[in-house]
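What follows are several structures.
In the two assemblies presented below, subunit A is common to both, partnered first by subunit B and then by subunit C.
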Partner chain A sequence: MTAARVGIGGPVGSGKTALIEAMLGELARQGIDTAVITNDLVTDEDAERLRRGGQLPPDRVRAVQAGACPHTVIREDPTLNMAAADRLEADYPGLDLILLESGGDNLASTFSPDLVDFWMFVIDVAGGDDIPRKKGPGIVQSNLLVINKVDLAPHVGVDFPKMLAEAQAVRGGAPVLATVCRRGEGVAEVVAHLRHEVLFK
Partner chain B sequence: MMPLVRAMQLADSGFPSGVFAFSWGLESALADGRVDRHSLPGWVLAELQGRWHGFDRLALAGGFRATGAALGDWFATIDRLMPVERLRGASVQAGEALFAAARALRIGLDPAAVAAERAGLGHFTVVHGHFLAVSGLDLAAALAVSALAMARGCFSAAVRLGAIGAIAMQRELAALAPRIAALAADLPAPGTLPAGFSPLSDIALMRPRDGRLFIN
Partner chain C sequence: MLDRILGQVDEEPWAEMLHALDHLGGLETVAIPEAEAGRKRIRLTTDRGRDCAIALPRAQKLTDGAVLYCRDGMAIVARIGGGARLRLVPHSLGDALRLGHWCGNLHWKVVFGEGWMDVILDGPEARYRDRLRDLATLARFDIG
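Up next, the complex of A and B:
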């Protein structure tokens, strides 16, 4: 049995790492053996942050530097990430789940089906309520769309129920979940969705 | 025609081999001002004549020719010839990406190569040679694929770093083509050990990675 590989993409600063941080506690409580691969452009910033968080042993957080182009290493040439995932599986034979965080990118980024079994796209309320209407492949094609930072809606003049309805409409009924990763809200639903769709446990 | 078509596929920049993210020292060289738009073609040629011809060509030919225990030994030999740890690490990382591509493509590699990867010795040029042999290329084609890939890799890194335009890059590459062909036509005698690297990029590869755009 190989570990499920789940991609987490989305624009810069939407809360991808915050979602992973919030999910790790939930996943541990539910006994799901997890490891993480982060992609940053030129540093190991996100990996270091996750290691400092202490929710996973440091060696279960691996960093792949994406160079100049974050979507290339998750789509056109995903082999560096595939190698990192293969290596994690070899090092931790019982692994259930590998989360792969893409470097922050634009709405057109997608994950190669060669790399992941399932991928989610994280946008945030502060990016503007017009984002779902812009319909990038990330918004439309991801297996799960997460709209994060719902707490900020009143501060940035966003009508959240309308944004959510538009997101559901452009996705033709494919799942959309709302979160406040900072406070862990909605994260249990994301984990439950993963369990049902990819972990089968 | 079939070997030609296969060689073109394997030489295509879209072929997923993991080397995209590497600039092979060019990034630091540009940052330090040791290379600029005008000296770039000369830098690439120096890399080809130095690092590629002196090292990669021989490492690749060994990986191409050897099988079984001899192949395993060749991975270990190349590993010992890479004293700079950053270069060694990058070479192994790029190699692991090619191993991952082979697994995903279900291209069966020699068990000795797989064992070398597990032992952390899966250097890119060696596994590339082996991979190209298994894919049905002859050694001359494999060397041409490798030399062209290195030249194109350097130039395309320069394009992404904003040091040269995408059109000018193709012009420079075309101008270098006869040199690339001549270097690649130099088939090494079996067992020839690699010499050294070109000094400029060695220095670049030893620099810390802080603030660098690419892995190297």
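Up next, the complex of A and C:
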């Protein structure tokens, strides 16, 4: 069976790479065979960060350089990422999951269903509690919305329960999960959600 | 787990077999929104409430009428949602160009026909009509 392909998008600094770092440990504990593809503008910065973390063998972290707006390689023409995912599956038969991290983008960023089976959008409380109310396509169309850094809410003047309620309202009941990726909080729930919705194991 | 497409409902030998199964109450359908049909993995519920995990090979594509399961007197067929569309009919070639450019900028999925364009809706229709109101001063077109 082919590996599930899961996209992770969201604004710059919201915690996409931190979420992956936190998930890798949880995925390994649960026996989910994983690889990662990172997207950066003109560097391999995020891939290097994950390789340095040492949670995956370096060759299981591949980098794609968008060279332009990050959404161009996950939506308009995702062939670079599709080819990278195909190569990973050929190199590692039996892979359960490929995480595809988009470069930091704006609220209109979405993934092509030709590239991923499921995608999540990561925002954080420090970006402002008005983000859900702006109803960007990333907020309303993603399969899962993750609100990260919720521990910072009192320090940045954010009423988190209100922000969460507004996020749930604009998504019409589609799932929203809260995390503090640096402490691993909420990450098991994200992995459990992926297992049920797309890994089927 | 439904891990491959076995055939199409309107092709033999499936057509006759599934017609018979339908009469015996053994045919279930799983409705897939058109905007989600590109996915290879998706979890859905059939029209009779059966939990389905679809995980297709990358080379296979979900199509309307795809037979996903058939065993022990029971079959499951995919039905790609056909209702969630908005038809746009431009008044002139110039209007068509502006309309196409506008919809492209919004990254809407569209299907072209002779003199019309269908927008495949991925969310409430009102969200699309709000954006089209902005365009109404720049191009002449009909909706519907």
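In this section, the second predicted complex is superposed on the first by the 201 of 201 C-alpha atoms of A that agree within 3 Å, B and C clash if a C-alpha of one lies under 4 Å from a C-alpha of the other, contacts with A are read in each partner's own complex, and residues count from 1 in each chain.
In the analysis below, contacts are C-beta pairs under 8 Å (C-beta built on N, C-alpha and C of every residue); 3 or more make two chains touch, one makes a residue touch a chain.
Bear in mind that the values here come from a model prediction, so they are computed numbers and not experimental data.
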Side-by-side fit of subunit B and subunit C on subunit A, or clash: fit
First (subunit B), second (subunit C), both or neither touched by A:4: second
First, second, both or neither for A:42, with subunit B first and subunit C second: first
First, second, both or neither for A:65, with subunit B first and subunit C second: first
Partner chain(s) touched by A:73 [first = subunit B, second = subunit C, both, neither]: first
Angle at subunit A between subunit B and subunit C, C-alpha centres, nearest 10 degrees: 70
Subunit B versus subunit C as contact partner of A:114, first or second or both or neither: both
Which of subunit B and subunit C A:90 touches, first, second, both or neither: first
Distance of closest approach, subunit C and subunit B, by C-alpha atoms in Å: 7
Shared subunit A contacts, counted only where both subunit B and subunit C touch the same residue: 76, 86, 114
Subunit C-touching residues of subunit A, taken from the complex the two chains share: 1-2, 4-5, 75-76, 86, 108, 110, 112-114, 116-118, 137, 140-141, 196-198, 200
Interface residues, subunit B side, partner subunit A - complex: 14, 16-18, 20-23, 93, 96-101, 103-104, 118, 160-161, 209, 211-215
Residues of subunit A that touch subunit B when the two form their complex: 41-42, 65-69, 72-73, 76-80, 82-83, 86-87, 90, 114
Subunit A partner contacts - residues on subunit C that touch it in the complex: 1, 3, 35-43, 53, 55-58, 107, 122-123
